[in-house]
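When the chains are written out, they are named A, B and C in that same order, and each has its own residue count from 1.
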């Protein structure tokens, strides 16, 4: 009996998570799909038209390039920060943690206009590089948070042993540390990529209209409310993001 | 103290980037605060002082809006936490291929931007949404008006559903590294020593996950309070979440309204900091007790 | 130790930023340099010469695929081939994003901005005008401005605010309703707000309207129409008079509150924007939606947003009409190219193209066809106007019901009053 309630609960939960995705894709693969039609007349016209535009393809590539750059930079910066935070205690940790929380709670509008205004003052705006820099603001908190959690539990005596035995710092990192924190690193990487991937306002303002990512196309489509355009752009935007999650999945499901 | 010099040195080397991002974050915060105080407005000094705060806090309906925002944020975050811990528990204690597939499904919607997910939820669960159409197909109802109202309702069900469905995968994904590496062997030990599943959950699993649980919960709560998308798409005309009110004030031609928007943002931020400070003390004890 | 120095650095940046914002705040528009890249619109040859080789960054609402494609395929090639200008259309989810870009640049003292041209009207125009961030003195100097009826108060006032040569028209719009001919017969349609109340209460739950508010001017427009009808006419509202509003406000709220229980969802909640109302209508939850297009429901049908049996109709009176515009920020980097584009939008051929429900986006003319001297141009405009499609409201009905918008100050009074009196809450 308990087994069944568990299964039913899981099925319900899964359908709440999956159903909207199905509706989204079906919307993109149809036109004028209204109540009470439970199943639409499927057509790939929308996908062909929007997906075939060079602008769409460019937007996908731009988003991916920026996403990867942001992820790499974030991890490189977050790694030593997390190691220090994990071992520290006291008010400094609290302050840093508070600063990390700010981008998550500050409404997008306030954060984006504030960051843009600052970057404009320094003259760092208007290209993909500035967008990458701006994206670091919301992604670094995620990177640091996840990696700190990993390093809190991390026992680095094994690393000490390896150094004592003559391994170089790089060898220690690659052969000792990395396997132990790999899943944490993968999670941090995926989260950072997704956060960067899903930015709209920050990219628009800092990129000064010159940098167009697929998420910006999705955002404008959502404002327009056309289920076909929304479905198509959202599906296209989801594909690389899903690939990122799947790629990291192998690290995620690793267990002892 | 083990080799603090090396890590500290790399930290200094990367300092510029950290400072820039920390500086950008804190700077953006500073601009937010100064605008809320009526200083440095786009068109010059408008109304230096705390007028913005007075007018929003004193406004009719502020308390209700604040209470409603807290309700959806707390309920959504707690449900997401409970769900995520459940998923992490099942995944840790009961391995299987189905769980891997389930995990993959769980995480697809992580890649969907909030606005799109909100629109998708509305399209699925509204009175003329997909679920309603399936119910009509099966013959249980005739018209859209017969379907229960679960989105754009005055209890915030739709908003809470958005928060839960978005945050549960995020928290789960944050818990898994610790669950797999740290908790699994400890749980096995606990089982060997004869502890019941409930005991194992409370005394081993949760404390082990605490270092990831706390930041994930805080980020979720922060998002739940600050994001406008759930309330904007899935909320009713009243009560509205503060995040939606902030968005509206930002759109107003009247620049004084922008001050009010920033003031509300500062208030939300303060609430999150307060809750974080409270939770941090509790969590520290947990972490220390199991190190 | 290292953490502390990091904190110190961060605080330093914070202080610098805060100080920076203060000093910009106290300075007026001169510090921003309102006219550094100024261009004289009356010297058109110089404008054309300067524009050659420039890129114009046109920020506009990007939610309509039809408009996006039209802009890219109609204006883009002409700009490139005839004027040597590259068009960069920047889609935004709401015009306020473009406004925020300009305001962020203003607070940073940025003199060569990212935004060259904005598709704008109403509150957003007012925002930028009040912030002194608009390039001025050009709208009545560009060549095709002679085709614009600048005497018309609907043109020279934007949501009641004087245009003052800060913006140039693109297209025109008029508030209309849309019904589904398969569901409601033309004879049964309400033709006034009074009849609408009767219809709503005879068909409970089948009528609703967009919640008035910033960014949801269609809702405000609906409520204003009711105000005009209750008070006996729209002309008295053209200038601002607080006493007039106080006199009629009570009746307005009474009307809406009596209407409330008969509405969709018992009037407890209202759709927040047009797409939401269109979806309710298309899915059969309500009987009416609204549009502002000259082609009525034509563009919506072409986009697949409503059933193809949809048709537009108007009340007998009080259907507010207005214009939408393009404006150039004070710190635009490519003002010459922006001027050329603004002028191109007014070309008779361009105007005739955009009214087409299939190829264009179906909004009305921004110019006055009677002012066009060129015979070919006139013909294009007339045939365009005549072929609005079957889903358009009758042009005579539209003209008879046309009224101008009220003074700008009423906008906020109506929006705030609605929130307080009808739904309550913050």
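The rule is short, and it goes like this: contacts are C-beta pairs under 8 Å (C-beta built on N, C-alpha and C of every residue); 3 or more make two chains touch, one makes a residue touch a chain.
Please read all numbers here as calculations on a predicted model, not as lab measurements.
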item	value
Distance-maximising chain from chain A - centres being C-alpha averages	C
Among all chain pairs, the one with the most C-beta contacts	A-B
Chain centre separation in whole Å, for chain C relative to chain B (CA means)	35
Cα-centroid distance, chain A relative to chain B, in whole angstrom	15
For chain B, residues contacting two or more additional chains	8, 11, 18, 20, 22-23, 26-27, 29-31, 128, 144, 250
Set of chain C residues in contact with two or more other chains	2, 10, 17, 21, 94, 100, 103, 107, 279, 283-285
Set of chain A residues in contact with two or more other chains	34-36, 84, 99, 109, 113, 117-118, 200, 219, 222
Chain B partner contacts - residues on chain A that touch it in the complex	10, 13-14, 16-24, 27, 34-38, 73, 76-77, 80-81, 83-84, 87, 94, 97-99, 101-111, 113-115, 117-119, 133-134, 136-137, 140-142, 145-146, 148-150, 152-153, 156-157, 160, 169, 180-181, 183-184, 186-187, 190-191, 194, 197-198, 200, 215, 218-219, 222, 227, 230, 234, 237-238, 241-242, 244-246, 249, 252-256
Residues of chain B that touch chain C when the two form their complex	8, 11-12, 15, 18-20, 22-23, 26-27, 29-31, 34, 39-45, 59-62, 64-65, 127-128, 143-145, 149, 152, 154, 232, 236-240, 242, 245, 248-255, 257
Interfacial residue positions of chain C with respect to chain B in the complex	1-2, 6, 9-11, 13-14, 17-18, 21-22, 24-28, 94, 96, 100, 103, 106-107, 122-124, 126-127, 130-133, 205, 211, 213-215, 265, 268-270, 272, 279-280, 283-285, 412, 420, 423-426
Chain A-touching residues of chain C, taken from the complex the two chains share	2-4, 7, 10, 17, 20-21, 57, 59, 61-65, 88, 90-94, 97, 100-101, 103-105, 107-110, 114-115, 273-276, 278-279, 282-285, 303-308
Of all residues in chain A, those that touch chain C in their complex	31-32, 34-36, 50, 84, 88, 92, 95-96, 99, 109, 112-113, 116-118, 120-121, 125-126, 200-201, 204-205, 208-210, 216-217, 219-226, 228-229
